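Below you'll find the structure I mean.
The first chain written gets the first letter, and so on, giving A, B, C, D, E and F; residue counts start at 1 in each chain.
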């Protein structure tokens, strides 16, 4: 076994902290873009701490189990990723985690949760091809599915699979639940689904979902970092720029309909995927 | 096995600022049927005319609603004045006009904000409401109330605006115009906004007329119907053209409202120029006897105050037909066949105000 | 130590208000007042909320709704009645369909006067409610032990 | 047509200071004309009950016998009618508002001067005051 | 060899016994016993042969060959009779052409010199296990199921002896198909499966059943025609052989033409586009039939034969075209599955899709692809049979096979619901088997030059798969308002036995992936390709870790059960009663109805089937063209 | 302020449908339907408008009389008719979308149909 368990464990400990700070910074920057002052940097931590102090109301206890499974597998996903594991397995684990979250919403059998769950599934459907193709692209470049090999590939992956990178960036917004793709649930803006997926979560269940989201954000940023792994400085700068870009896009666009989200994500992924993967294939053979 | 979904939408719903409920029947996300129910805000205030003397009732009439509060108060007063055949001072008419237009601007900005919120465009909402605070500041400075102005009374108005303040207001509006343009630009040009609005909730020209739509809702379907053209208050003296669009979709309704704000600015500026000096109110004695339908143009459209007096201080009947009530039928029509995600947009696109619809 | 006061999430319901107070509640969210500075988010969902802001008075049709929303807010929670309609029924007190202030239906913790209540008054009211929220939490914790 | 038409406003917001007023760190903005609450100078009141009658919400109760003037802050809609109708101008509107309260106690009672012995004096008094 | 012959003959004989037994006498017991025996013998066979590599057995073909020819003629006459009686001209035509060709083949080129008629290798063993164990379990299940079936379906004539007989004969035919080395024999068994499936689909005798039975028949006959032509081609091609194992090793230059033609037969049998409609139509049959057709027999015969020829397809354009047929079928069938609410149809489309994936692997034909294909076959057979049987059981209790009616099945039928969840998870979730196989598929595609389009299709197809499975899971676990009594009591013991075994298999086999891989599959690859592959070791560890996690997590339920406050769902503040009915407009009390999304306007059958069929036809024609160019001209 | 010219015309229940149809044929828009209770009789006003010309049909009926719905002519009449039914208790027959008394739910049934609230409670100072 060549897994670097240490980095995995470091991820497990640090990711919520970093994720929370990113969320806090995100909220401040968003507020500034709207001409407001915004909350303190540590606000996300206050929020989550509060949620754990509150009474937890459930429609059915099974909700709890699903949400716990969600965070366990999100953390697992990230840990596997950061310990250099197999990127396809990482993607599979991510899907598994999301399926658990979706089950949590389904379990309540409440109209808005269930519609949120359906939409989350649609979003998952829009998201999956892009990330799978990215993994495939990285494999074609580095000849390995293992993150540790991809990261030590000494060439600019981004230059070889820019198309896939863009496709991933497109669906990244969906995962961050930001406008224009905050379709299944959203952090801020009001939507026709109340809070969609998380409508019937409360107290600690919601708190867990939130922490899981931080894990996920850090993991996804890690994934993006892979594209820039040839140079850590450029990598970090790229991450910051990309995140700011996401906030900016969040603030300059209206929410789209699910149909548009799915269609556009698929078309972009398919077109860029064909071109980019095609080029890679013919470079090698 | 039907693949239909039947869900409650409202009364408590974050995108509906006011309680209205719809039973939505969906197929996937397509709305097959939407049946509304109102009554969550019904207070029964029309019946208070039996307990309040007609001059006092102005304050109730104002609180039919806090958004176009002023216009409700004014229309009520016009109704009483109509029955009693009062010719109120010209300056009062002008002041009423100015405040009406301020109400309209404040209301439209508020609506634009909520509309943006319904599209999930949070920062646009924030910006619209930030601009709206300018209007509110002026309203507060001149009437003493941000949303409930309380500056109208039977026979005139209760407060005057000094000429310096009037000029200041006009120039304030001028300087606001730039930012307003930027804001409106987003609503009318941004591709993500257009993607949501174009073709959503189309109300045909005939439907709009026969189903009794009013205000921006009918104007967006190609009818140039604007009650201000009757010429109440000082509108007869001022020149303006109703804003009309023809597409009949949510985008057209948004466009009409957005452009109307500039008309309002223009009207205010004309009024500030033309306003005559003189008294702002007159003494009213006696009690109304007779009936009258007072009509005026609210931000949401034509409002009708039907007033029937019986010669006592207490009116026999006061009834308000608010624009929202008239727009409910078109709303139900255009909701059918839309997407769930469009429900808030379409509902908001007629700018429903349940407060006054139910009184 | 509780974080409740640092992250009070609100839900707003328009009982039968005239909109005057509603729009002032909404105005609190906007740049000029920006209550997100205090960690306040308007969740629009009772299950996520800590503070229940009600404007307008109780009437025949919304009484059940208010109760339902109140019951779906997890403990500890506070109710803030905003505007004189919500505190006493206001101008519409005598209307046939108005049953009075919010406290005729659910316990109210803070009364904010005004018609319409100004955003500043609403902020004051919510801040006042936070103290009560903390007290309630302390009591809840004590109850657990 | 425009992708991201909002850009201009967003960058303007970022480059400027936030519009936030920072209440309560800094005091609230409010116009001089703002109707915050009704103020009485009890000494001037003659308990004529004019305000009570003009009040659309019955917020004011004047007890002529016990000589009290009472207002319910949780009823008053600050419409200004009482101020306008008071013959002695003892009422006014301040631009400070009533604070929120945790118990429903909006009633404030003021004692007003006793009724003068002779009617005439009162009239004289008020005249001199004017 | 005795075991092989036993497996081929015993089920058929047991079937005949059932048919001949007096009415209602011991049918169930006989079927159960013989199914059990078949299962046990196939395990014994496995135990005896697993480490022996390829074993080819000589068996004089003469008497058997003539018997086979005779039966073939009888079948043809029977089909002709049925066809004429029901005016199925297409069927009549196909039968006539096919029989003529067979007779011509038999007369002009007697192939009696072949002696190496039976064989066993690792792939055969795996198939035998699938047919024997899963098929046996399905047969056992069927005994309980059919009793209930006839109670509920009064319109169907009770011909249970015939039914069981056919099922058992079916198993025989499958064994024959996989054990035969003689292509003529394979063709014979091939036709027997066609016949059995035709009769089983038409079992209930309703108009609908008949119609679908005939459409299954003509499509499979069309495939059979391809098979015959392949046989005829063999007689013309120099250096070719009627022995399967010999033919395969001759390489594409010689074997490509028969491979593509037999591959075409395989495509029809495994219901690839444009031939997928027969399998969908087959849903009218009682559920055990569906389970049998979908998991261990019929369609598996189709993919089996293509997988057999995979080495021939490696690096050929024809193979690539066949792989694309599979891939396109995978994508389109998965998409259509989204729009289906009938549980059996969802399963059917998912079968079509997964077979497509297997065929895509086989068409690619590299050793990595083969690894993936074999595991796909294994896991698909287990999970799919489990799902079909669960749906059958649920259907009898709910009187509906609609997914929407499975709302809250966890409370109504907790055990069955749990098994469905295991089955579904087995179909698409990491760390269960199907997904691990997909992992291998992915790698295989990436490592071959032809994989370019396949990888894209796979990426999209997987995403779509997640959607329709998850929403089904969601439906099952969403808790209905009134948690009534469970209604599981009526389920018979034989049904439970099959269900429990299959659920256990689904999980256990996941743990066994490394073992199966090293013990069987890698040996097979080694002998076929001289190269082998497996999952990276650490991935296996991770996978098992995840599996353990998934199995442990539900236990946290016990911990969370206490002191949580329960409330109703969020209903926009509207008062709701216990049954989730709310105060609606017009004074009506409305039931809350929640249903899944079907996105009909995107993924509806009406929209996608024509597209898929067109693509299928084009690709098949391309494969023929490539075959001709590659095999005849070059 | 100008006082609008408003045409008022009295009609009877029999001529209601005919007159309303005539309005529609004349291309007029239904502005509102409202009701007032004067003593024991109800006045129902049907208002129309075309090009800012306001016209009103006034139907006077004693209590207890049923009124036919005009929602067959103008769909949007259903809003007003339901409202009149809920507030006054006047039976209106054949409303296109009949809420059956649930359009506006009130704590007192038919608040405008019963005696005025002034007569009913003397105290205005209640909480």
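By definition in this document, contacts are C-beta pairs under 8 Å (C-beta built on N, C-alpha and C of every residue); 3 or more make two chains touch, one makes a residue touch a chain.
Computed from a prediction, not measured in an experiment: that's the story for all the values here.
> Going only between touching chains, how few steps reach subunit F from subunit B?
1
> Have a look at B-C versus B-D and report the one with more C-beta pairs in contact.
By the number of C-beta pairs in contact, the winner is B-C.
> If you take the mean of the Cα atoms for each chain, which one ends up farthest from subunit E?
Between subunit E and every other chain, the largest centroid distance is to D.
> Using CA atom averages as chain centres, what separation in Å is found between subunit A and subunit B?
Spacing between the chain centres: roughly 43 Å.
> Please report how many Å separate the Cα centroid of subunit C from that of subunit E, as a whole number.
60
> Between subunit C and subunit F, what is the separation of their C-alpha centroids in Å?
Roughly 37 Å separates the two chain centres.
> From the mean C-alpha coordinate of subunit B to that of subunit E, what's the distance rounded to whole Å?
Computed value for the inter-centroid distance: 65 Å.
> For subunit F, which residues are shared contacts with two or more other chains?
As it turns out, subunit F has residues touching two or more other chains at 97, 99, 102, 105-106, 111, 117, 124.
> Would you mind listing the residues of subunit B that make contact with two or more other chains?
Each of 5, 7-9, 11-15, 29, 35, 37, 39, 42, 44, 47, 51, 59-60, 63, 121, 123-127, 130, 145-146, 148, 190, 192-193, 358 in subunit B touches at least two other chains.
> Would you pick out the residues of subunit C that each touch at least 2 other chains?
Residues 13, 30-32, 34, 37, 42-47, 59-61, 65, 69, 72, 74, 88, 90-91, 93-94, 96-97, 115, 118.
> Considering only the defined contacts, which subunit C positions touch subunit B in the complex?
Touch list, subunit C to subunit B: 11, 13-24, 26-27, 29-32, 42-46, 56-57, 59-62, 65, 69, 90-92, 94-98, 115-116, 118.
> Within their complex, state which residues of subunit E touch subunit B.
Residues 341, 400, 402, 404-405, 571-574, 582, 584-586, 588, 590-601.
> Over in the complex, which subunit A residues touch subunit B? Could you list them?
30, 33-36, 111-112, 115, 179-180, 182-183, 186, 188-192, 194, 251-260
> Which residues, counting only subunit D, touch subunit C once they are in their complex?
Touching subunit C from subunit D are residues 18-21, 23-24, 28, 30, 34, 56-57, 72-78, 97-104, 106.
> Provide the residue numbers of subunit C that touch subunit F in the complex, in ascending order.
So the residues of subunit C touching subunit F come out as 59-61, 88-89, 93-94, 96-97, 99-100.
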